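What follows is a pair of complexes built around subunit A, which joins subunit B in one and subunit C in the other.
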Partner chain A sequence: MNYHLLIPEMCLAGTAIAVILLDLVIARKGILQMASIAALIAAIVVSAALWGKADPDIFNGLLRADQFAIFFKVLFSGAAILVLLTTKDYVSKIARFQGEYYALILLSVVGMMLMAASRDLITIYVSLELTSISLYALVGFLKDPKSSEAGLKYLLLGAVASAILLYGMALIFGITGETRLAEIAAAVPAGRIWDNPLLLLGVMFMIGGFGFKIATVPFQMWVPDVYEGAPTTVTAYLSVASKAAGFAVILRVFLEAFGGDILPDWAMIFAVLGAISMTVGNVIAISQTNVKRMLGYSSIAQAGYLMVGLAAATRVDGANDPVLFGPTGLVFFLGCYALANLGAFIAIIAITNKTKSDAIDDFAGMGSRAPVISLALTLCLISLTGVPPTAGFLAKLYLFNAAVHHDLVWMVIVGVINSAISAYYYLRVVKMTWFGTPASAEGVPSSLALRLALAVACAGVLALFFYPSPLLDVARDAAQSVAGAVLP
Partner chain B sequence: MMSVGLEHYLVLSAVLFCIGLYGALVKRNTVVILMCIEIMLNAVNIALVAFARYLVPEPPDPVVYSGQIFVIFVMVVAAAEAAVGLALIVSIYRSRRTVDATEIDLMKG
Partner chain C sequence: MSLDVAFWILAALCVGTALAVIFAKDIFHAALFLIVCFFGVAGIYVTLNADFLAAVQVLVYIGAVSVLLIFGIMLTRDPSKGSPAGKLRLPAIVVALALMGVMIGSMITFDWQTTADTSKMVSTEEIAGLLFDENGYVMTFEIAGLMLLAAIVGAIVLVRKE
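The block that comes next holds the complex of A and B.
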């Protein structure tokens, strides 16, 4: 057996349990944070070392540690490290329960890693719930009325979504008699999806269940409340890692299990949902006055852009280079989005920690009070808008390029119009930061760890603009490993 | 005498699922919403077990138990979910003295 392929997950799960136990006896909680970060770094190193190994199947093919899974494992661990680094500045609010906080973050990373690697409906469901239940507890972590309310809303809507997902899985199981993705692919009835109502229902229910995780219309209603009520560090983590995990599992399930005749049909469903998501997210974000709510709606819009990659998830006919434009663009976009969104949230954590307010108006004049943090925030928001010189520009360019190759020009038009709309509300924060009148002249203190995390995110956003080829190559390998064998 | 077949179980499962979904969407008491979610999950369990029972492969193929195994996992996860859900409800009840979903509305917009 290939148990060594599971070392990253086992290392994180073991550390999570150790952290909970040590929390009982250790007075200096900083050690727990160090241990968690060390475990995450170890998981990244081990995952990277497993890149491109010949025999990636674990447990008789229930899990697979291919390049696709490894890319996402590194992404989740990296996001968790950046979030844990900023926790020091947020820690006063959770002082009593630090051990649980670190353990829950680690457990949710384990769940996401398994989500990206799963190739069986049962494993997918269990790992998805491991992620979700950890996140429900994290969202309600502050135990103040807002945070508990956010946690409960997230749990109730999330549980309904997972019940719908399960019903879809049960229908697919009924149609094909299999729970393994590869065998489902072989047993899915031939012909278009519209000829088979039961299959259509099953696929729609699965899109609904996963759509909740990636926060797309019409399963987005939880996003603003949960983003506002959750601890800001958890919001940052949720907006990046949870969304990436949702896209990972969608890519895996739909390309591996439904990559046959019905591929164009679900690609079209995603195209329509994506276009609506972008528009709804961006238009509602304009009227927001709370920065966390605004970024919540912005993340709905970003999910819309990402779904362009799902809509274009086929290999281009007649092209010599067998590149999977859509999935590659999606994976690349996720990498860039993760850095920019985490960077923006880290800057916001530093600022709101000082002002004790999430209102956009309270960012006024931060440019003179905290120039470096404001500059970083500006850079990350520009990247989210998709303007050079940032990674977000290249990511959108690549994704829209993929759409053009697949005759989805209408989606590109919708996407470009939406990017213009989004510039309004992103740049409103930037304008407020630099040209607003400061409420006081006090500086904004931040820990060394937070500044390090912010520097990493911003350096990544800039570096990926000037030197994107390494990540693009990685994204291409990842997309190839999940879809290369099943697409015609 | 009509025998009970796959369709009967599937209709029962669909009806239960719809009852659960309807309750989860319109009920105001959050504890009742949690119960409705349990009904939805159990509807899924009925469908899974029925499929597993009636889609038995012909003798040369090995029998698969994935449907039944799936149900066991769903039950375990549902219990964990209910535990976290009830904990959150208790936490809200302590500060707000209510479990009514329409009164838990600090955040809007």
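The block that comes next holds the complex of A and C.
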């Protein structure tokens, strides 16, 4: 039995429990933060060391620590580290329950890691619930009216989404008699999805359940309120890690279990949802005055771009191994999006901590009050828009390139128009930051840890533009490991 | 044959009480009807030789969920005032009926693999093997434990005063 493949998860779960217990006896809570970050770094190191090992199956294929899972394990852990580094600047608001805060973050990382590695519907569902329940509590962590409302909304809508997902899984189990993805793939009835209404219903329900996680239209209604009410650190974490976990599980389930005849059909469904998602997210984001709500709608739009990668998962005959353009582009985009979005949120945490306001108008003149943080915010927003010299540009280029290869030119057109729309609201924040009149001349204090996290995010955003090939290779291997067996 | 009769009686009970849950004016009565509905489902499991599932259904749904439900009702509203009126009643009815139509339609047209041999049902012993065997779901079982830990920690954080 390959128990060593589970070391990252065991390490984080053990640390989570240790943090809860140590919280009772330790007065200096900084130690708990250090321990959590250390455990996450250890998880990254061990995961990276397991890259490309010959026999990745755990528990007889219930879980698989392949390159795909390892990429996401590193992504989730990295996102959690950046979020925990910024927590010190936010900690006054959650001082009473610091230990629980760190433990819940760690537990949600474990849940997401297992989501990315699971190859069985029951395990996927239980991992997803572990993630969700930790996040419900984290969203309501501030316990003020807004945060509580956000937590309650997230819980209720999340529970409905889980119920829909379970119904879909139950239907798929009823049709195929299997819960393992590989065996479902063998048992899915031949023919297009439209010939089999029950299969269509099961797949649609599963798209609905997972769609809630990635926040795509029409399952996005929770996003603005939850993003606004949640502690900003948790919002940053939600917008990156939770979304990435959703995409990981969608790629795994749909490529491994539904990679047969019905692949073009669900790819079409994702194409339509993606196009709507980009448009709705970007258009509504324009009218937002609260920066967290704006980034909420922006994240809906980003989910739309990411779904181009799902739409382009179809086979292309004859060409030289183009099949993986879609999944590879998606994985690469997720890496770039994670850095840029986390960077933007970290800068916003620093600024809003000083101004005590999430209104975009209160960013006026920050360029003179906090030039470095403003510069970082500008860089990350430019990356989210998809303009060089940032990683976001290459990520979009790669995804749209995949779409062109798969005769989805209409999606590219929609995507490019949407990028232009998104430039308006992203750059409005930039304009406000640099050309607005500052309300005071006071600087913006920030901790060393926050500046480190911001520097890492910005360095990544720049480095991936000038030197993308390492991450591209990793993304290609990851996509190959999940889709290679299914797609010739 | 007698199993068929039992099934139809239980099915009628389930559907009838489920409808009563929706149409009951008093939300407390609705909760009680729901408990009867849960009993009916447990009965159907028994007719299918799924004894373990039936026992869990009684323990979890009738034992725990229904108590929680009634607690929730008693603590949050005055049951004598009846169910709150919803503005979306009509759209909800339309959507629910449409979904029901689609689901019934697709389930009837599907070519289900069936067997008359109910002894093929997994016994409690085999379920134990599935749950705790290395080649079964022992990992999933452990994850569920972590999930409960997260739920308890989260609930304490949210409920406890500063």
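Criterion: the second predicted complex is superposed on the first by the 482 of 488 C-alpha atoms of A that agree within 3 Å, B and C clash if a C-alpha of one lies under 4 Å from a C-alpha of the other, contacts with A are read in each partner's own complex, and residues count from 1 in each chain.
Assume contacts are C-beta pairs under 8 Å (C-beta built on N, C-alpha and C of every residue); 3 or more make two chains touch, one makes a residue touch a chain.
Note that the coordinates shown come from a computational prediction; the quantities given were computed from them, not determined experimentally.
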Using the touch definition from the top, say if A:I122 reaches subunit B (first), subunit C (second), both or neither. both
Tell me the contact category for A:L166 with respect to subunit B and subunit C: first, second, both or neither. first
Between subunit B (first) and subunit C (second), which, if any, makes contact with A:I17: first, second, both or neither? second
Quick check on the superposed pair: does A:P197 touch subunit B, subunit C, both, or neither? Answer first, second, both or neither. second
With the two complexes superposed on chain A, say which partner A:L104 touches: subunit B (first), subunit C (second), both, or neither. second
Applying the touch criterion given at the start, work out whether A:L63 contacts subunit B, subunit C, both or neither, answering first, second, both or neither. second
Does subunit B (first) or subunit C (second) touch A:V387, or do both, or does neither? neither
May I ask you to decide whether A:I26 touches subunit B, subunit C, both, or neither, giving the answer as first, second, both or neither? neither
For A:I133, is the partner it touches subunit B (first), subunit C (second), both, or none of the two (neither)? both
Once the two structures are superposed, pull the subunit A residues common to the subunit B and subunit C interfaces. 122, 126, 129, 133, 136-137, 140, 143, 148, 151, 174, 177
With touch defined as at the start, can you tell me which subunit C residues reach subunit A in the complex? 102-103, 105-107, 109-110, 112-113, 134-135, 137-140, 143-144, 146-147, 149-151, 153-158, 160, 162
Touching subunit C in the complex: which residues of subunit A? 1, 13, 16-17, 20, 58-60, 62-63, 96-97, 100, 103-104, 107-108, 110-111, 114, 120, 122-123, 126-127, 129-130, 133-134, 136-138, 140-141, 143, 148, 151, 174-175, 177, 196-198, 200-201
Within their complex, state which residues of subunit A touch subunit B. 121-122, 125-126, 129, 133, 136-137, 140, 143-146, 148-153, 155-156, 159-160, 162-164, 166-167, 169-171, 173-174, 177-179, 224-225, 228-229, 288, 293
Along subunit B, where are the residues that touch subunit A in the complex? 10, 13, 17, 20-21, 24, 30, 33-34, 37, 40-41, 43-44, 47-48, 51-52, 55, 57, 64, 66-67, 69-70, 73-74, 77, 80-81, 84-85, 87-89, 91-92, 95-96, 101, 104-107, 109
